[in-house]
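Next, two complexes with chain A in common: one pairs it with chain B, the other with chain C.
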Partner chain A sequence: MNDKALPRPVEARALHPLTSLTLMLLAVVAGAALPETALVLAVYLSLLVPLAALAHRLREFLRTCLRVLWPFVVSLVLIQGFFTPGPSVLFRLGPFSYTLEGLGVALLFSARLLVGLGAATLLTMITRPDALMRALVERGLPNQIAYIVVTTLQIVPTFQARARAILDAQRSRGLETEGPITTRIRALAPLVSPLILSSLMEIEERAIALEARAFTRAGPRTSLVTLTDTRLQSAARWCMLLLGLAAVAVRLTVWRAL
Partner chain B sequence: MIVVSGLRFRYAGTHRDALHAIDLAVGTGELVGVVGANGAGKSSLCYTLSGYIPHFYTGSIEGDVLVAGHDVRRTPVSEMVSDVGLVFQNPFNQISGARYTVLEEVAFGLENLGVEQAELRPRAMDALRATGLENLADRSPFTLSGGEQQRLAIAAVMAMRPKVLVLDEPTSQLDPAGTRSIFEVLQRLAREGKTTIVLTEHKLGWLAAFVDRLVVLHAGQLVADGPPRDVLSQALEQPWGVGATRYTRAAQAAVQRKILSAAAPLPVTLEQALESLR
Partner chain C sequence: MEGLKREFNTMTLVMIPVAIAINIAVGQLALLIKVPLYLDSIGTILVGVLAGPWAGALTGFLSNAIWTLTGWYTPAIAFAGVAAIIGALAGVFGRTGWPNVWWKAILAGLITGLVAAVLSAPIASYVFGGVMGSGTDAIVAMARSVGLDSLGANIAQGTFSDPMDKMATYLIVFLVLRALPQRFLARFSNLKPREG
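Our next item is the complex of A and B:
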């Protein structure tokens, strides 16, 4: 049906999925709480980059971050520069003036975005979604939600393959899909509606298949994968949680004006 | 193991019985083939035996359906599932998507059944070996071919070791070699005596060679039930749309051209054809 499946994330055996999750959440919270661009960047460089290197995924990690980040940086630098008022004007463009303060804000936002993006990217690289969900189910997350998350991640490539198949099928029937914008808009309905309809029809069979695999059965379940957790990791998670809370508290009090 | 009496079912919102006055009894360890034209009610029968009718597909139902000791009308599917397994046609939609490898996919059903952890891997591997997928255990289920996915769907339900296994056209995407291996697995399962199997199939040649008993559905009614040879020669005279195996057709042509005597019953398998030529 499709040749492109989601590549399997490398198993980071050393870290319990919840430890990775907490670590990444801490990075995001710290990035959002710290008031200086340099400090936010320090979180990225001292926490996320070394972890990516440890997981042997550094190049991929940096490439993904940069590729997603740069359009945001460009628009932030342009817009914030002109729209943030301030005394130090760098240059003027007609009635608009570009301020140093604006540039500063743009860079701070970019750095925060980089940390958030990096944390999310790294999490997907060092943790298998099913392991993470398993860990969350063990702690009370409903099985159904875990299923939805994991399945959605796996089904995306299939969905893309189907979209391509529909595109080809409609083209072979003479549908114009290229050219001026009006033509493209007109082509949208015959492309999107079969995609949605076929997916809806599939749901019925998927529901039966899940029932057939005892998904809705009441009673205890077992798991092929055992997650290894250690006291050290558990303690580290609590510390990180406290650290994150502290960062929020400081942000709301001491650094309030920044 | 299966007792169906006076079953009538009509899907909600339709005006015709999908199944009508069905009586069927299947003993433990029997391997029964169900044939019939498209729309004859084969899938509906499969869904009824596994409880999806009337709990998932609703409608009006009459009669009694007892499968593996469960009164289907009163037992929710989530309870039936530990004793009755269902494999249906489209293999792609039977992949749960909740697991990353073929092995994990097979183990998924076992995890949900609460099978002991030490048992999970051996049982899943057994099912993979039986279906010839052991070399693909670490692959993503989504990268498999249609035929491999179909075998995976069968392995996933087989691993759950149901007392009754219901398969709705389980070999539709398989080549002859794949079809043979599935029929051999099913025959072995049935011969071991613990599993009762009902399967619908259009490939008459395979059915004739492998099943003990053939049942014909026509317009929602059970019109024939017996050994494949009797049923298939009976089907030649009837408007059931069942067709005939190549051996039966050849023998029929031979009878018409007076090469074979019309006295003997028509063969349905290669073995029988060779015998009638003697």
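Our next item is the complex of A and C:
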């Protein structure tokens, strides 16, 4: 259970949230479109790693990438290696043969996941969720959706603490939460239902409080978060969008067979 | 448009963050006491059943987006579309009143699980190379070893894991609906009221 308070990522001061978002989307698209493992890795090394270094989060970024990625790599190298048919057999294990082609597929997928998951990780490190939501609301995202995201991030730690408290309380009353699988499944209802019921009962009160504060009023709102954008960044975003579209187009035409 | 507005009233908007927090907290609780179920969509299904398909879909989508956005489970965003469909389905089942009857609730879970398995498999196969970096990969390996291709193996794995999880989830939703006071249920219009 994650009891830590929500991490509050430092803002990469110079970058507008939409610029970071576009950069990360470009990385994901490029990673998916490029047909060679080396090229995909180049996207990681030339785009994501320098950005993380620029935001002074390089060590943390690399460590998180490693932690998120390694279970995938292990499974990929085993499953794709053994079950991708191909002529160049590296070694045999019982009835199964490990092929070079399979290893190649495993490495390509690993590189793509490194770029995709790395981009998502970096976005969370260099952009604050509330700033990102503000930027999207300024571009037409409904206020209500921003409310949902920001509120969720605020209340999750409370919920985790409450789940922990219910677990402790039920255990102290003698509820078995360890042992055989049937015991653990039977423990679910007394753990889950108090959490759900108590939190649902608060909803009505909160809804009335919000309605009393003009939550449903139409029209623009004032925000505590102010964002700075520059012409250069706006131009860069358009370039990245075009670049991403070009990558998709090339993928669907020239590299179709790869 | 009017219907959409009614679906997203203040009660629904306030419930969605709570539902996502329930998804996260209960999902982590399931990991903590080591039951072989995800149980990470109870909130999504509750919103769908009570408020309607659009609200359920939005809850599912945002729930996965937040798993990624917070770094708790980075790959989640790839499955946000599947989560949205699970939420929308819950809205449809709510309209029929199935979640009020225990065996119909389980049936709704079975259908949801099968749909989820079939929709997740192509994503797992083509985006993640057929693995999720977790214990379920053992099932994928077994399915591959008896001759299934990557997509087939992922469908097999999903069909093994998802219906079980969604049936348990719907059973919990059934229990929660029975325990909630009428006054609370009356604030939502999607769920067909219990008979008798």
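Here is the rule we go by: the second predicted complex is superposed on the first by the 251 of 258 C-alpha atoms of A that agree within 3 Å, B and C clash if a C-alpha of one lies under 4 Å from a C-alpha of the other, contacts with A are read in each partner's own complex, and residues count from 1 in each chain.
Just so we're on the same page, a residue touches a chain if its C-beta (ideal position, glycine included) is under 8 Å from a C-beta of that chain, and two chains touch if they have at least 3 such contacts.
Just so we're clear, the structure is a prediction, and the values are computed from it rather than from any experiment.
For A:151, select first, second, both or neither according to whether it touches chain B, chain C, the two together, or no partner.
A:151: touches chain B and chain C.
Considering only the touch criterion stated at the top, classify A:199 as touching first (chain B), second (chain C), both, or neither.
second
Taking the superposition on A as described, I'd like to know which of chain B and chain C A:234 touches: first, second, both or neither.
A:234 contacts neither chain B nor chain C.
First (chain B), second (chain C), both or neither: which does A:88 touch?
Touch partners of A:88: none, neither chain B nor chain C.
Between chain B (first) and chain C (second), which does A:216 come into contact with in this model arrangement: first, second, both, or neither?
A:216: touches chain B and chain C.
Under the stated touch criterion, name the partner, chain B or chain C, that contacts more residues in chain A.
C
With both complexes overlaid on chain A, does A:207 touch chain B (first), chain C (second), both or neither?
After superposition on chain A, A:207 lies in contact with both partners, chain B and chain C.
Which partner does A:75 reach: the first (chain B), the second (chain C), both, or neither?
Once the two structures are laid over each other on A, A:75 reaches chain C alone.
Between chain B (first) and chain C (second), which does A:224 come into contact with in this model arrangement: first, second, both, or neither?
Touch status of A:224: first partner only.
Need the overlap of the two footprints on chain A, from chain B and from chain C, as residue ranges.
On chain A, the overlap between the chain B and chain C contacts is residues 1-2, 6, 147, 151, 155, 158, 202, 206-207, 210-211, 215-216.
Quick check: in the complex, which residue numbers of chain B touch chain A?
50, 52, 56, 77-79, 81-82, 85-88, 90, 92-101, 103-104, 107-117, 120-121, 124, 140, 142-143, 146, 149, 153, 156-157, 160
Mind pulling up the chain A residues that touch chain C in the complex?
1-2, 6-7, 64, 68, 70-72, 74-76, 78-80, 82-83, 96, 105-106, 109-110, 113, 116-117, 120-121, 123-124, 129, 144-145, 147-149, 151-153, 155-156, 158-160, 162-163, 167, 177-178, 181, 184-185, 187-189, 191-193, 195-197, 199-204, 206-207, 210-211, 215-216
Using the touch definition from the top, list the residues of chain C that touch chain A in their complex.
So the residues of chain C touching chain A come out as 8, 10-11, 13-18, 20-22, 24-26, 28-36, 39, 42, 46, 58, 62, 65-66, 68-72, 74-75, 77-78, 127-134, 137, 140-141, 144-145, 150, 168, 172, 175-176, 179-180, 184, 187.
For chain A, which residues are in contact with chain B within the complex?
Listed in rising order, the residues of chain A that touch chain B are 1-3, 5-6, 8, 128, 130, 147, 150-151, 154-155, 157-158, 202, 205-226.
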